[in-house]
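Contents: one structure, followed by commentary.
Going by the order they are written in, the chains are A, B and C; count residues from 1 in each one.
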Amino acid sequence: MIDIEHIESLAALRLEGEEKERIRRDLEEIISYFEVLNEVDTEGIEPLVFTKEVCLFLRKDEVKVSLNRQLIEKNRQLFGDGFFRVKRIIGE
Amino acid sequence: MEITKLGIKEISHLIKKKEVSAKEVVSSYLDEIHNKDSLVKAFLSVNEDEALRIAEQLDNENNKTGLLFGVPFAIKDNINVFGFETTAGSKILKGYIAPYDATVVKKIRNHGGIIIGKTNPDEFAMGSSTENSAFFPTKNPINHDYVPGGSSGGSAASVSGGFVPGSLGSDTGGSIRQPAAFCNVVGLKPTYGRVSRYGLIAFGSSLDCIGPITKNVEDAAIMLNVIAGFDENDETTAIMKVPDYTERLKDGVKNVKIGVLKEIKDFDIESSVLNALNKAVSKLIDLGAEIVEVSIPHLKYALPTYYIIAPSEASANLSRFDGVRYGLEGEGLNLRDFYENTRTEGFGREVKRRILIGTFALSEGYYDAYYLKASRVRRLIEQDFEKAFSVVESILLPTTPTLPFKFGEKKSPLEMYMSDIFTIPVSLAGLPAISVPFGETHNGFRAGMQFIGKWFDEIQLFQYSNALFEEG
Amino acid sequence: MYKATIGLEIHVQLSTKTKLFCGCSTEFAREPNTQVCPVCLGLPGVLPVLNEKAIEYGVKLALAMRMEINEFSTFYRKNYFYPDLPKGYQITQYGIPLAKNGSLEINTKEGLKKVRIQKGHLEEDSGKSIHLGDITESEFSFIDFNRSGVPLMEIVTEPDLESGDEVYEFLVLLRSIVRTLGVSSGDMEKGALRCDVNISVSKDKTRGTKVEVKNLNSFRTVKRAIEYEIERQIGLIEKGERIIQETRHFDEKEGTTKPMRVKEELNDYRYFPEPDLPPLILDKNYIEGIKHSLPELPNEKEKRFISQYGMPEDYARSIAYSPKMSEYFENVAKFVNHPREVANFLMVNIAGFLNEKDLEITDIKFGKEHFKELFELIESSKISVNIAKSVIEDCLRENKSPMQVVQEKGITQISDTGSLRKIVSEVLRDNSLQVEQYLNGKEKVFAFLIGQVMKKTQGKANPETANKLLLEEISKLKNERQR
C-alpha cells in the first residue's frame, strides 16, 4: 500500500473522497505493473539520462535585456514597488 | 485551384511567383476554420487579425525569401507563441499570455511563416487521444466519433481537416506520430536534440521533441530545414550542422537494408494494421529494399520504463505551476492551502496521476528501485537499437497497434498507455522516426507506418519513408 | 573536558556579471523584479544555460582552497515548494560536485590548524521573500526574483573546527581569499557570504548530537551563536538531558539560539539528474591554466610581509588580508623603501581616516609620490616622524601634498642649531627650578625640559637636535656650577 498522503503532500496536491480512492487504485495498478522491470538484469549498466551528441555549451558572461514590467503584469499584478504577492509564509 | 488542398512547398512557391497572395491563402484557410472547426475543434485560439495583418505585410514585401513564405501554420498549445494565450490544454494555465516566442516559432517567422492559431493538446501533452484536454476533446476530422490521437491531436487534426498545410506538435512518447497516424497525415519526431525545446512547456525533459505534422513527406523535410539546429537557449541541442533534408527525397530504397522486428509477434496488433504492415514490407521489397529481421530484446520493457521516467521528470517540471507568477490562482487562507488548491483544481486527473507516480518514483526509498532502475533499462534499450542499426539503415514498425478508437473506449490508464508501445521505445533511445499513412482504408482510416532512423539521420528517414508514401 | 565539533556549510555568492543560468544582471537593483527574464522567473518552457564565468570563479575558489577539481561533474534537481523558488526545484550539483578534498590553515592560539574542506559545488540562488510591516499580522509575503538564479558556490567543511574563535578566523580568511581572487565581495552583511553551522558537543571521544544553526548575519553573530550553543549543549549534558537533533536560529536580541518554528517536514528533496544540463566536463589544461593564474593568497602574503618587510604580525595580517590595502602598500613600499614606516603610517593614520570617512584605500589620492615627498622631508630633517603623522592627516583631509601642507602651515622643523640653541637657552632660563632639580640629580626632569622646548617651538624642533643641544647647554651649566 503506498502512502498516498505523503506523496500528495510532497507534490502539493490534496485529493479528496472518491477521486482520492480512484487515483490510489490507479497508482497501485500502475506501480505493480512496474514490477516487470525486476526481470531485467541491470548489473553494471550505467543509467541513461542524455542520449547522443550532447555537450555543454558555455554562455558568455554578458548582460542581456531583462523582461519588462508590462509583460510580467500581463500575467500577475505586482504590488508595492513591484513585488509578487503571496499568502503569508508560515513560521517566518 | 483549391488553395487548402495544397502543401507547404506549393503554396510558398505560388506566393513567391505572385500567382496568389499570402492574404488569399490565409483567408482561404480561415474560411475552412470558420466552416468546419466548430465540429472538429482542433483549435483553442485563432488570431485572425494578426494573421491577416502579417499576410498583408508579406504581400507588400519585394524581397520574398524564406522557405515558408506566406504559409499559415498551427502551433500546439504547449509551445510559447508571443502574445498568444498558451495553456498546454490545462486550466492551470488558462489566461497565461506568453511573453516570449519559442525558438521554433521564431524560426518559422523568420522564414515567412504565419502563425494562425494554437491547437488543442492532451493536458501537458499527457495522453494519447486529446480527451485529456481540460477544455474539450478534438474530433478526428475523418470521422468525428473517433479520437484524433494525442497528445498533438489538435495539430494533427488541423492538417488533416484542411485548416493549415502544416503544424507543429510535440512528441514525448509518440505524441506526434500517433495522432499523425490516426489522422492519416505525416508526422515526424526528430532525433532528440535536433530541434530546440526552448519555449516548449516541458513534460519529460529527456524525451520531449518538437516536430512537424504535414500532408506529405517533402513538406515535413522542408519544415525540419527551418526548425532544426543548435540553439544557445537549449543546452540539449546538438552542435551539428543542419543539412538540406530534402536532398534525397527521390532516392528510393534500392539495396537499402530495412529492419523488421522479430519481437512483433509478442504484441497484440489489430489485423488491419498487421495487414498494412505486411503490404508495406512487400511494397518495399518491390522497390528494391532488403528486409532484415532485427531484434530489440528489451522492447517489452519500454512501456514501464517510460512510465517511470517521463512522470518523474514531469513531476518536477510541473512544480513551477504554483499560482505565484502566472496562471490559475487558487483560494487559500495560507500559503500551503493556496498551493494545494491551485494545483488540485488546476490539474486534470491524468496529470495528477502522473505527478504522483513521478513523485513516488523519485522519493526516498523508491528512487533506486524505480527511477534508477528504469534509467538502466533505458540504456539497455538504447544499446539494443545500436546493435540493430549496425545491421540495418532503418527499422519499420506500425506506428500504433490499432486503428483509431472511439471516444471513451479506453477505460483504464494502462489501456490508454498501450497505444504507444511502438512509439515509446524510439523516444527512450532518442531516435528519429516518421509516420506515414499507408494501405487500405477501414472506416476511412489507413494505418500509419513508422520508419525509425539512426541518430541524426533524418535525411535517410525522409528518403525511405517518401518511397513508401508516394506508393501509398 | 567537553569538546565541540563544528562543521560549516557556506554559500558564497559569485560576483559574475550575469546569473548562473540566464543573462540577467546580478548587480544590486533598487526596484524588485527588474532583473528577471523568463528563465529566472521559471516561466513555462524555459531552459537553463550555464555561465562560463561562474565555472571559472568556482574553479578558482576551489583551487585556492587546495581542492581537487572533478573533471566530470553533474547537475541535479533539488525539489521543494517555496514562493521564492520559481521552478519548484533548485538546480544544484549533487551527484558529483565541482571540487572535493581541500583544506585551509587558520591561525589559532596553538599555532596553525588545518581545516579540511569536504566539497565545493555550484548552485543557483533563490529569490527573496519580504514581509512588509509586522510579520505576525501581515496576511501576505512579497517576493522579489532579482536574486533568483544568481550563482552560488557551496562549500562544506569537515567538522574540524572546535570553537567560535576558530570559525571566526576561518571566515575572515575565506572572505579575504574570495576578495583577493575577485570572485565575490564576501560581504556577509549583504548576503554575499552565508554560513550555517553544525555543532555537536561531547565529553569523550564519541560525537554528540548534531544541531544545525542558521540565519547568522555577521562574523560576530556566528561566533556568538556558536559560543552560546556550546554552552547550551554542555548545560543539557550536565543535567543528563537529551540534545534534540534539530535546526535552530540565532536570536540577535537575546543572544540565544532557538528552535526554528517551521517544522522541517523531513523534506524529501527527491534529487535526480538535471535532464536539461549535460554533465560539465573540464579540460585538464583549463584547470591548470586557472591554477597558474591564481594570485598570491592572503595567508601566503601575510607570511611574506613578515619575512620580506619585517612587518609586525598584526599589521601583516590586516594588510595582507585586504587585497586593496596590500596592493597599495606594496606599490608604495617598492617605490620609497621604508616598508615598516609605510606600514605604520598606513595602519595608524591612513586606516583611521578611512574608517572615519567610510572610504576605501582606492578612494584617496595620497599615493607613492606623496610618500616620497614625505620621506624626503623627514630625511632632510625638515619634519620629524611625529610631525609627519599629522602632515599625512592634513593631506588626507585637505587633499594636498605634503610639501603644500608643510609650506602652508609653516611647520618646517627647526633644525638649525643656531635658532634652536637660542630657544634651549631661553627654556633653561625660564625654568630655573627644574634646572636645579636636574642638576641635583633628578634626571627625569630632562623630559619636562625637552617638552618645554617642543612647546616653545610649537612642536617643530627637530627632536634629536633639541636633545643634543639641551644636553650641551645643561652640561655647560653643570660645569659652570662646579667651578
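Assume a contact is a pair of C-beta atoms (placed from the backbone, for glycine too) under 8 Å apart; a residue touches a chain by one contact, two chains touch by 3 or more.
What you see is a predicted model, and the numbers here were worked out from it, not measured in a lab.
**Student:** Measuring from CA centroids, which chain ends up nearest the centre of the complete protein set?
**Tutor:** Central by C-alpha mean position: chain A.
**Student:** Based on C-beta pairs in contact, work out which chain pair has the most and send it over.
**Tutor:** A-B
**Student:** Just curious, how far off is chain C from chain A if you go by their C-alpha centres, in Å?
**Tutor:** So the centroids are 41 Å from each other.
**Student:** Calculate how many whole Å lie between the centre of chain A and the centre of chain B, each centre taken as the average of the chain's C-alpha atoms.
**Tutor:** 22
**Student:** List the centre-to-centre spacing of chain B and chain C in whole Å, with centres computed as mean CA coordinates.
**Tutor:** 57
**Student:** For chain B, jot down the residues that touch at least 2 other chains.
**Tutor:** Residues 96, 99, 206, 232, 235-236, 315, 319, 322, 324-326, 335, 339, 359, 363.
**Student:** Scan chain A for residues touching two or more other chains and write them down.
**Tutor:** Each of 10, 12, 47, 49-50, 54-57, 59, 67, 72, 84, 86-90 in chain A touches at least two other chains.
**Student:** Could you list the positions in chain C whose residues touch two or more of the other chains?
**Tutor:** Residues 38, 41, 49-50, 79, 81, 83, 141, 143, 268, 270, 275, 277-278 of chain C touch two or more partner chains.
**Student:** For the complex, give me every residue of chain B touching chain C.
**Tutor:** 78-80, 86, 88, 93, 96, 98-100, 102, 197-202, 205-206, 232-236, 312-313, 315-316, 318-322, 324-326, 335, 339, 359, 362-364, 367, 371
**Student:** Residue numbers of chain A touching chain B in their complex, please.
**Tutor:** Within the complex, chain A contacts chain B at residues 2, 4, 6-8, 10-15, 19, 22-23, 26-27, 29-31, 33-34, 36-40, 42, 45-57, 59, 67, 71-72, 74-76, 84, 86-90.
**Student:** Touching chain B in the complex: which residues of chain C?
**Tutor:** Within the complex, chain C touches chain B at residues 38, 41-50, 77, 79, 81, 83, 86-89, 141, 143, 268, 270-272, 275-278.
**Student:** Could you pull out which chain B residues touch chain A in their complex?
**Tutor:** 95-97, 99, 191-193, 206, 230, 232, 235-236, 238-240, 298, 300-301, 304-305, 307-308, 315, 319, 322, 324-327, 332-341, 343-344, 347, 349, 352-353, 355-357, 359-360, 363, 370, 372-380, 382, 412-414, 429-430, 455-456
**Student:** Would you pull the chain C residues touching chain A in the complex into a rising list?
**Tutor:** Where chain C meets chain A, its residues are 16-18, 22-25, 31-38, 41, 49-55, 79, 81-83, 129-132, 135, 138-145, 260-263, 265, 268, 270, 273, 275, 277-281.
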